[in-house]
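Each of the next two complexes has chain A plus one other chain: chain B in the first, chain C in the second.
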Partner chain A sequence: MNSKEVVIGVSTALLLVVLVAVVLLGGTAHTPSSEIRPLAKFYLENCLNVFDRTWWTASPEAVTSMLWDYRGIDTYYETSVFFLAIIGAVALFRVVEVKLKAEENERRESGLSIIVKSSTRIIFPLILVVSASVAFHGHLTPGGGFQAGSILAVGPLLLIAAFSRRYLEEHLRFSRDKFLVLRSVGLILIVLVIALPLAAGAVLMLNQPKPWLPAYIFPVAFDPVWTSGTLFFFNVAEFLAVGAGFTLLFLLLSIPEEEFKRVLGI
Partner chain B sequence: MSMEQFLQAYCYVALIAIAVISLYGIVRGPSLIKKLIALTIFGDVANALIIYVGFRLSEEIFVPVLPTLEPTPEKIAWFTSVAVDPVPQCLVITAIVINMAVTLFLAFLIIQVYRLYGTTAVKKIAKLRG
Partner chain C sequence: MLGISMATFVLSITALALTLGALFTYLAIKSKDLIKAAIFSAGQSAAFALAFFLLMAPDIVLAYVAVAVGIYTVVLLYVISKTERYEEG
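Our next item is the complex of A and B:
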């Protein structure tokens, strides 16, 4: 055991002791107690306060109203981080324009057994329905665009595993460019919904009208469907962006190893 | 120290211990893949810790979703007195998805490193030239 390992071991143990001491001495301000923070109280009180509509978001879901209203700009930038991570992955794969040769890969790419394929055929539409339900009810029930997009991406991943990548590309017409476009459409929709209040002379990302601003754009409900102003549109757009982005990543991840070796000349 | 306080302290110590161990894994992992695994564990523990800070220790607990679209003042007062803290949940929702995207990006990088150099061992990669 050399001195380097001793230093690392001791500093790890020291870090553990210091962090535990900080937390136990009240570093997180409120350790779980019967009371919550005043900030959280404000959000819970105001998210669907129909009696004083100054700060309301017209959504009974406190988490979504915070995500896309109270701190919406923050979520927008989180979305751009996500966007950049996908751009980075696509850029890494830009050298490989895969055109799989059918005859070479016929045997390898025939997929799993009939049992797996049949159950995947049953489950795949269900996954799509669940993800759409989570997205479209994101402003009313737990869930929202991020979660729904992640659920949606599980579907193509399952198809890649059970059938093959070639099946997706030739039978279902999935391609990298389509998902790039779909994801960009989602992001453009988000930007449009953010910028729309400017047309009425209000501020960016305004959801419900404020007494000191002139605008009223997004109605609370298109009778009888409750849409909570912008929240519904944000959720659906984010659903598209996240779902298409992850599907794109899974498609790239499933490019066979031989293709890379051929292209890179290894 | 009451039973609740002891359990709280226990949860904090367990979560922080996992976080520190995964940090050790990130630093000392011999392979890039093992470093990536440690990184995902670290991210998940951080999220769990944030969620735990927002927990509410009381008789009646409720999710931060108002169960009606036509609330009365009493309903809102009840909701405020039982719902858990929504702020940490809101932070974690985005963090999970961003975590997943960054993890996939790192996985791509590691795959590319493996394809080009034929190894993911950090010490061997450091010795490579060109």
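Our next item is the complex of A and C:
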């Protein structure tokens, strides 16, 4: 350890101490208190308020209630931004339409060692189960569509790293078009659930009935499954859209460089 | 419990996790071996995930762990495989 590193270490520690002192002495003017603020109080009191159902979302999960009910349009736009990003990636990679299996004389990619492959075989189904449970319980426990979708996408990514892209295409029959369809199904489902209340003359993305709107009842439970109205369907659709979108992105990114050069004729 | 309240205890662990994160960040910046730097970066994300969990944000933890520890690290490793493993200078 030379003197330069000592100086860096001491000055970093000093910076931390000074910052903490400034915050403790009230230098930031407002330090969030440990008491619950009025807005948070509103969400906590109303998201599962069975006595006064004016503002309720039929879900004990305040975060999912906010994401898909109180500020649902926001989340819809977030989903469309993600959709556009994937569209951009697909458009960039449009030059490589050729299937890898068409190449006969190319060396077969063998992937990583047997230890990595065996542990991936054990972990992969676990990732799928965890992501499904996060998605299907998103309206009851922490989690939701986006979280579950990104957990799901880790699975194929692990397979690409441990085995190879060719393995996914030949043995698991993964293809770009399949994931495009799957992602579109998720998005169409979201749009359908958003538009459903319009049929009864109510407003877009309405979850539970409001007294000032025309009567529109979406059941809070499909016996025996409690779905919190539309929240469950939004979560599952978002799960499909995000999971398939990320997987599609990884499939495109893992196209070997040689393939590009061959197709582009460089 | 030794005269320490639960909130103080939780905040102490959070401070510890964040310090660990700062340490990992320093190591990631200093490391000349890019593979090691990516692993340190994943360690930093894991420390931050613990801090998020202790600050009662389980929704963030679920997305953060999957993206920052899983996807981000693997994509970084993939990018490193396209270039050289060791940083020069």
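The working rule: the second predicted complex is superposed on the first by the 224 of 266 C-alpha atoms of A that agree within 3 Å, B and C clash if a C-alpha of one lies under 4 Å from a C-alpha of the other, contacts with A are read in each partner's own complex, and residues count from 1 in each chain.
The rule is simple: a residue touches a chain if its C-beta (ideal position, glycine included) is under 8 Å from a C-beta of that chain, and two chains touch if they have at least 3 such contacts.
This one's a predicted model, so the numbers in the text were calculated from it and none came from an experiment.
In the superposition on chain A, A:G88 makes contact with chain B only, not with chain C. A simple residue count on chain A separates chain B from chain C, and the partner touching more is B.
In the superposition on chain A, A:V23 makes contact with chain B only, not with chain C. In the overlay built on the shared chain, the residue A:P142 is in contact with chain B and with chain C. Contacts of A:A241 after superposition: neither chain B nor chain C is touched.
After overlaying the two complexes on the shared chain, residue contacts for A:V63 are found with chain B and with chain C alike. Looking at the shared chain after the overlay, A:L253 reaches both chain B and chain C. Looking at the shared chain after the overlay, A:L157 reaches chain C, while chain B stays out of its contact range.
In the overlay built on the shared chain, the residue A:I194 is in contact with neither chain B nor chain C. Shared contact residues of chain A, touching chain B in one structure and chain C in the other: 12, 16, 34, 63, 142, 144, 146-147, 150, 246, 253, 257. The part of chain B that touches chain A in the complex is made up of residues 8-9, 12-13, 16-17, 19-21, 23-24, 27-28, 52-58, 63-71, 73, 76, 79-80, 83-87, 89-90, 93-94, 96-98, 100-102, 104-105, 107-109, 111-112, 115-116. Those residues of chain C whose C-beta lies close enough to touch chain A in the complex are 7, 22, 26, 58-59, 61-63, 66-67, 70-71, 74-75, 77-78, 82.
Chain contact summary for the complex, chain A toward chain B: residues 8, 12, 15-16, 19-20, 23-24, 28, 30-37, 39-41, 43-45, 47-51, 60-63, 66-67, 71, 74-75, 78, 81-82, 85-86, 88-89, 92-93, 140-142, 144, 146-147, 149-150, 226, 242, 245-246, 249, 252-253, 257, 260-261, 264, 266.
Those residues of chain A that touch chain C in the shared complex are 12, 16, 34, 63, 134, 142-144, 146-148, 150-151, 153-154, 157-158, 161, 246, 253-254, 257.
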